[in-house]
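What follows is a set of structures to go through.
Okay, so subunit A shows up in both of these, paired with subunit B first and subunit C after.
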Partner chain A sequence: MITSPLFLQIVLFPGLTSIAIIGALLGWLERKVTARVQLRIGPLYASPAGGILQMFADLIKLAFKELIVPENSDAFFFIMAPTTGLVLGAALVGLIPFAPGLQIANIEVGLPAFLAIITLSPTLILLAGWSANSKFPFIGGLRALFQQTAYEIPLWLSALGVIMMAGTMNLAQIVAAQSTGWFIIPQALGALIFLVTSVAEMERLPFDLPEAESEIMMGWQAEYPGVLFLAAQGPGFVKLYAFSALFTTIFLGGFLGPSFLPPLFWMLSKTLIVIVLIMLLRSTFPRVRLDQLLRAGWTTLLTLAIINIGITYILVVGLPTL
Partner chain B sequence: MVAQGIPEIGAYIAFLFVSTVALVIVLRLFITPKDPRPTPEKKKPFESGQIAAGPGRTRFIIQYYPYLLMFVVYDVVAMFLFAWGLNLRALGASGSVPVLVFIVVLLIPLGYALHLANHRENW
Partner chain C sequence: MAPVIGKAKAAVDISIAYLTGIRHLFHRPYTLRFPQQRYAVEKGYRGRHLLHLDRCTGCGICAWICPEKCITIVPRGQRWYPQYFYGRCCFCHFCTDYCPEFALEETVEYDIAEYTRDRLVWSPERLSKPPVKKDDKYVFSVDTIGGASQVPQKEE
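Take a look at the complex of A and B:
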């Protein structure tokens, strides 16, 4: 059992170990990329290679901090919500095909399952904000809920375009359907909507309203001390990794690429490009207001998503050979 | 085999490292030493350095209510489209007519609901 391929995939790659290490490395990469954009240096001292061990040093620091659970808070949900968020992020990565056969759960409804699992995340944020018995976390939790109503439907409808093109919801078969051409070309509009709404789903700038450290003091994370703060921050990076891998899988041809390098290389390098793109959005755009996000999600993004479905319908039914 | 290019012993060492860290974090959550220096302010809610005023779970005004109502309806509508999109090639143009009528019929109230929701007096 210890050497069975599925067990190795779950504990090593693409499973738990690699998720934890990649999540920590993404934290370092984000600080480095943001620093480079802002003409700073960023983490430097935690290793000879440009502070690449900075997040591990932070982990050790946070592990020794005192755990303060605020008075009159619901301690069970206060601790449960961020740790469940970590499990959700890991479950997302398990659905992604990283190479032929290198996929933990190859299920028929892979794409809707991914989006359905991520739907739980704003609920957990609301739970965390409510249980802390403090005002800023509660406002942050409510904002997460409003934000979900703005991006959820365009996100699902932009994924629907891919399903219409591929005729399947299985992620491995969606990759196989792109052997004649990546879906980002016929689905350019859908890919754009998917990118914007997934950034909103990850609660990253310019849509980080539930955290919004300059308005509501990190929002739902305000009361989290030490290790729990790490557990609250961690899912963000794991979700960034999982969503970039999903974007690569359904729009950029997944692990397909010239055969002189292994499929895993193509998958990971395309994922890295998408990750850096999303990180650059963070340092480029200012934060939107909640009513701007709601209006944009319900008018612009939803209209574009419906137009995209119309284009896809014409492509699939009008040009069946494509 | 598992991760091409990485020798298996290295992968196992990484797994041991990560699981040790995870174990330390979980133990840290359960084994909390007694507070050495308890102060009354330590467990108070954080309000930017001010002393917390009033209860933390007060009644907040739920704004943007029309958007929430629209979400309840149109999230379900979007799910219906998935069953159609999956079988689009088999259904073809003739089989898609009911779904297209369904979309158009639901888009008209969506436009009216958006017209109402985008007015500030309805928030």
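Take a look at the complex of A and C:
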């Protein structure tokens, strides 16, 4: 039982241990990329290799802080919301095929299941913000919910193009369907919409309205101390990892690549590139306003997503004959 | 049509910004890791003072002209010399200009921070030591296009 492949996959790779380590490393990578874009050096001293252990140093620091749960808050939901967010993020990674056979849950409806699980996260953020019983967290939680109405529909519609091209919702089979050509070429518009909406879903800049450090002081995370702050920050990085892996899987041919290197290498390196490209957004663009995001979601993105479905229909079925 | 043109223009601007971000990833950073790396300073930089004990007559003109009143003339045996308090000095180097005996000199040494305030009082003996030459491989110059780069240290 202990050495069964599935158990090892869940515990080691692509499961929990690797998710924790990669999440911490992404924190370092984010600071390093942001620093390099601003022509700074970034974390440097925490290890000989360019400060790569910085997040582990921060982790130790946060772990020794006093755990304060605000007096009039709802302690159960206050603690439950971020930790559940971590579990949700880990569940997302379990759906991704990292190599042939290296997939924790190979279910028939992998892509919709991924998007369905991620739908829960704004609700958790509202729960966290509400239970803190404080102004800024509550505003942040409400913003998360508003934001969801803006991006959710274009996100699903842009994923629909991929499902139409592949003729299946199973992620491993979607990868197999790309052996003749990556979906990013016929689905360029869909990939762009998917990228923009998934950045909004991850609440990263330029769509980090629920956190909005300069407006509402980290929003729903404002009241979290020490380890709980870590637990509140963690889902962001795990979601970034999972979404980049999903983007690689459905648009960039997943683990497919020239066979002189193992499939896992191709999968991880493509994911890394997507992660860096998403991190670049953070250091390049200013935050949008809530009304701008809602207008863009319901007009531009929705229109483009429907146009993309039309294009995909023509590509798959051919021009409709009247 | 106008809104579409505006949106296209915005898309171009966004792409330019994004490409600039990518370009910066491979750019040399500007940050200097002071004190491991330090700026190369030109000759004529107004750093801390160098006092030539043999030339100074103890006339006190430097103390009189100093706008911050940070020079005290202190006795050393039969003679008098200036003693500096760098906590107040603004490095205007009026004292150097006004010294009739050319006993004062500017040096390029600028990192003279100390942990306690009394260490900022420089006795005539301490002032008379020439600055320690810093290791060549730590001298950098920063330009507005290329970022920080290593340069040979200038002779003083």
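In this text, the second predicted complex is superposed on the first by the 318 of 322 C-alpha atoms of A that agree within 3 Å, B and C clash if a C-alpha of one lies under 4 Å from a C-alpha of the other, contacts with A are read in each partner's own complex, and residues count from 1 in each chain.
We take it that a residue touches a chain if its C-beta (ideal position, glycine included) is under 8 Å from a C-beta of that chain, and two chains touch if they have at least 3 such contacts.
In this text, all values refer to a predicted model and were calculated from it rather than measured experimentally.
Undergrad: Identify which of subunit B and subunit C touches the larger number of residues of subunit A.
TA: Subunit A has more residues touched by B than by the other partner.
Undergrad: Would you sort A:223 into first (subunit B), second (subunit C), both or neither based on which partner it touches?
TA: first
Undergrad: Which holds for A:11: it touches subunit B only (first), subunit C only (second), both, or neither?
TA: In the superposed model, A:11 contacts subunit B only, not subunit C.
Undergrad: Identify the partner contact of A:37: answer first if only subunit B is touched, second if only subunit C is, both if each is, neither if none is.
TA: Touch partner of A:37: subunit C, not subunit B.
Undergrad: Return first, second, both or neither, reflecting whether A:285 touches subunit B, subunit C, both chains, or no partner chain.
TA: second
Undergrad: With both complexes overlaid on chain A, does A:269 touch subunit B (first), subunit C (second), both or neither?
TA: It touches nothing on subunit B or subunit C.
Undergrad: Can you check the complex and tell me which residues of subunit C touch subunit A?
TA: For this pair, the touching residues of subunit C are 7, 14, 17-18, 20-22, 24-25, 27-31, 33, 147.
Undergrad: Contact residues on subunit B for subunit A in the complex?
TA: So the residues of subunit B in touch with subunit A come to 1-6, 11-12, 14-15, 18-19, 21-22, 24-25, 28-29, 32, 35, 42-48, 52, 55-58, 60, 62, 64, 67-68, 70-71, 74-75, 78-79, 81-82, 85-89, 92-93, 96, 103, 107, 110, 114, 117-118, 123.
Undergrad: Can you name the residues of subunit A that touch subunit B in the complex?
TA: The touching residues are 5, 8-9, 11-13, 16-18, 20-21, 59, 63, 66-73, 79, 99, 112, 130, 132-136, 138-139, 142, 146, 149-150, 152-153, 156-157, 160-161, 163-164, 167-169, 217, 222-223, 226-228, 230-231, 262, 264, 290-291, 294-295, 298-299, 302, 306, 309, 313, 316-317, 320.
Undergrad: Can you list the residues on subunit A that touch subunit C in the complex?
TA: Its residues touching subunit C are 33, 35-41, 44, 276, 280-281, 283-285, 300.
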